[in-house]
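Look at the two complexes coming up: chain A is in both, with chain B in one and chain C in the other.
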Partner chain A sequence: MNQADLSKLVSALRIAVKPKPKLLSCPEGPAGRLKKLRATVTALVKYERIELNYPRAEEAQGYAERLISDAIRNGDCHKHTMEMADYWLNEKQLVHKLFKVLVPRYQNYNSSFTRLVLGPKTYPGYYAGTAILELKGNPFPALQPETHNYHFWLHNVLLEEAKKEFRSAREERNAGTTESVTAES
Partner chain B sequence: MLRRAVLQTFRQGLAQSFFKRYAVSLTETTVTHQPIETSDEAGERTVPTQKTGDESGNTVVVAPPEFRFIYPEFLPDPAMERRNRLREKLERMDMLQRRSVIEIPEFYTGSIMAVTVADANSPNKFARFVGICIQRGGSGLRAWFILRNVVDKQGVEILYEMYCPLIQKIEVLRLERRLDESLLYLRDALPEYSTFPMDMEPERRLNNSVVPINPLKVKLRPRPWLERWERQNLQGVEDLNLPQRFYDRAEKVAKPWEKYDLMLHYRKTIPAEEQEKIFAEVHSQLQQQELKRKLRRRRGSDNEY
Partner chain C sequence: MAGHLLKYFTDALVKFEYVYLTPLLRPPTPQWIPLVVQAPQQLMEKDASFDIKSIFDGFLWGVPTCRRTAEKRMMRKYGAPNWHNKLILPRKDIKTCGTCGHNHEVGRLCPNCYSKVKAETSILQEKMVQELGLNPIDKEIAIVYQGEKNQFDDEFFKGKRVVQIEKPRPKWFSKNLLQRSGPNANLSNSEVTTIKPHDLG
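Moving on to the complex of A and B:
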């Protein structure tokens, strides 16, 4: 039983955070894991949509969300946030992009800032496959079609009514036959 | 003019900057910020609670940001596998119930406290122990703290569970903080740093609204030690004066990347929105209990005259 660490205030992340981190294997060990994720987070902020393998994408999503949420909560004059941004973004012009472009974009978001979409598995087998990690609000065309509620479109209304009519007619027919059966017996 | 050890006061900024508390070094604390409000002051202020409006225009009562330092055991264990919202809510209800019966004062690691426990085997049926709080932990009803003292040249540490019904009284004799969150190094320090008289009187605070940090640097006994203190980045210990090979090995074994591991920090703490929700739930009852105690104390002091 541990007490929560009080030294830093963090915003709640709106993604599913797993209880244990995924250890990415690399020759440098644990130090190399953060180095790899740094490259991924930098690329995500630079290109706003990247395709990579699912395990790394899942981890990098958490770190990217944390970085952006810290930047929104604390702003660019906060020393700790600046240190984090300096560490996680290898290209220093992206630090400017984070605070000047991404923070205003995500200021009033109630959802997560990134989207993780499963990509194609190029070879058959039991492995996680690729994933596409993107920042929401990016200028590219959407990966998945927009989901609308088509319930009230005319042809759907007519189809629903037709279905109801068919079902009620069938029930009447069944009721008619059973009545005639019971009457006979 | 008596020369006293300078106690550095712990200043806290406004709601946006209260997390500077741990990031700021000692030399920077002398820069003027607004002082923190502790439970004593809170009742006397004209607007103790922060009332913010929500979308419907109703005022939403929000607890002051310092609550997370004064009542850290109200926050649940951050490990995701052990979270259970219903259990946490029931625990908080029980904690408030216990706090209405006994006063559990505000204290920090480094404060000197006296605890009276019901003990069937002692002649007075009560056992009182005075000591310095070297560590505190646990969450919910299992919150605990360890008091250390040296009695008859023997170091004694007792772990008390804050909400144990056997505890009759918890007094804070000296409320202060130290430079570290855990004073376990006092086990390897010279005994004078852990010795406190058993009949110590409660000290009056110079400034009720600010909790002072004692910048004391403790001298350790010569090695062997219980832990490798040179690897722990302790602020409250004097220069360890070890051979260079110890520091070289510490550097090799160190994990400097953990400082930047944002998800590690996230998994070790409770998000701010959840903290606010928890303290908004409990803070009105805690404030009522504080006020009742203050009135009782005032009425008690009036009755003396």
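Moving on to the complex of A and C:
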């Protein structure tokens, strides 16, 4: 059977989308799960950085990415996208934020729009631990410091050359001493 | 007189012979075999039916039927690496943070560093939410700390909603977030902005 090419129908998200939804248990069942995830997505768009347990963060990330991606692809005049934004965002001022602030921000992004970082685990604690879900480009201090060390930075280039010089000088000295020893013997 | 005495003795002898001697001499009758033969300690009666469950009336309980193999013993005691490992192994996934020196699990944030970031972030978020309220949000946020208003030019605030924070900027939160550092900087950009060391946070 030939499978139809669905890649153009659904926006290709820049995150690992799981095939099955995670069944977050709650007394209200699947409806309660969606209610919880709606609250999470609303909070993410409102506060731009939230700390919560890893399983729900992972689920909410997928829904948030899809919402933003659809908003970018279709814009605010698309009926279905507006209905989705209305459903997922409980506070209606955030619908404005999605189309007016987040869409221009992520227009030319080649990466994902959200970042999911594993937070510190307190012993004994919950087995999956906390996670911090944030929208990229937020005005807050960075969670992980940028610790890049490229070899073509000037100070690294100079250090490499200095190392080479030192090693060659040491080899010359060692060769000199061994030659003198052999000459003596 | 002598005749009577003699008769008395002969009668007694006959009696004696009849009571005591003749039983010993004549063949034994079934009635008195047990008295002659040495009887057993317990008189075993021949039971008509035998109940197997009567064996438990004593102390016959469950006992092992097979010897436990060495493999089973080892599995129970130490577990298996891919199953349930019962050995206490050292934690090799704890590293020291390069920035502050506290310990944290590999792949997770340092709790000391994150607590500082979290405290600052919550202050900023509170102020942001307070400023924006329930009005439609249509602009990006520009965070300005105490005494920084004049350091930014008007172009920076164009199309942004200013959020003033009534405290000085933390030393570790760099102001220079607009400039990209590193090789991915836009080299085609003709504007060369020089950053003075005191401007770096």
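The rule we apply is simple: the second predicted complex is superposed on the first by the 139 of 185 C-alpha atoms of A that agree within 3 Å, B and C clash if a C-alpha of one lies under 4 Å from a C-alpha of the other, contacts with A are read in each partner's own complex, and residues count from 1 in each chain.
One rule holds in what follows: contacts are C-beta pairs under 8 Å (C-beta built on N, C-alpha and C of every residue); 3 or more make two chains touch, one makes a residue touch a chain.
None of these values were measured; they are calculated from a predicted model.
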{"item": "Contacts of A:3 with chain B and chain C, given as first, second, both or neither", "value": "first"}
{"item": "Contacts of A:101 with chain B and chain C, given as first, second, both or neither", "value": "second"}
{"item": "Chain B versus chain C as contact partner of A:124, first or second or both or neither", "value": "neither"}
{"item": "Which of chain B and chain C A:62 touches, first, second, both or neither", "value": "first"}
{"item": "Contacts of A:80 with chain B and chain C, given as first, second, both or neither", "value": "first"}
{"item": "First, second, both or neither for A:17, with chain B first and chain C second", "value": "first"}
{"item": "Residues of chain A touching chain B in the complex", "value": "1-13, 17-19, 21, 30-31, 34, 59, 62-63, 66-67, 70, 73, 79-80, 83-84, 87-88"}
{"item": "Of chain A, residues touching chain C in the complex", "value": "46-49, 51, 91, 93-94, 96-97, 100-101, 105, 117-122, 129, 132, 139-148, 150, 152"}
{"item": "Interface residues, chain C side, partner chain A - complex", "value": "98-99, 104-105, 107-111, 113-114, 117-118, 120-121, 124-125, 128-129, 132-143, 170, 172-173, 181-183"}
{"item": "Residues on chain B engaged by chain A in the complex (per definition of touch)", "value": "18-19, 21-23, 68-69, 72-73, 75-82, 136-140, 142-143, 255, 257, 260-275"}
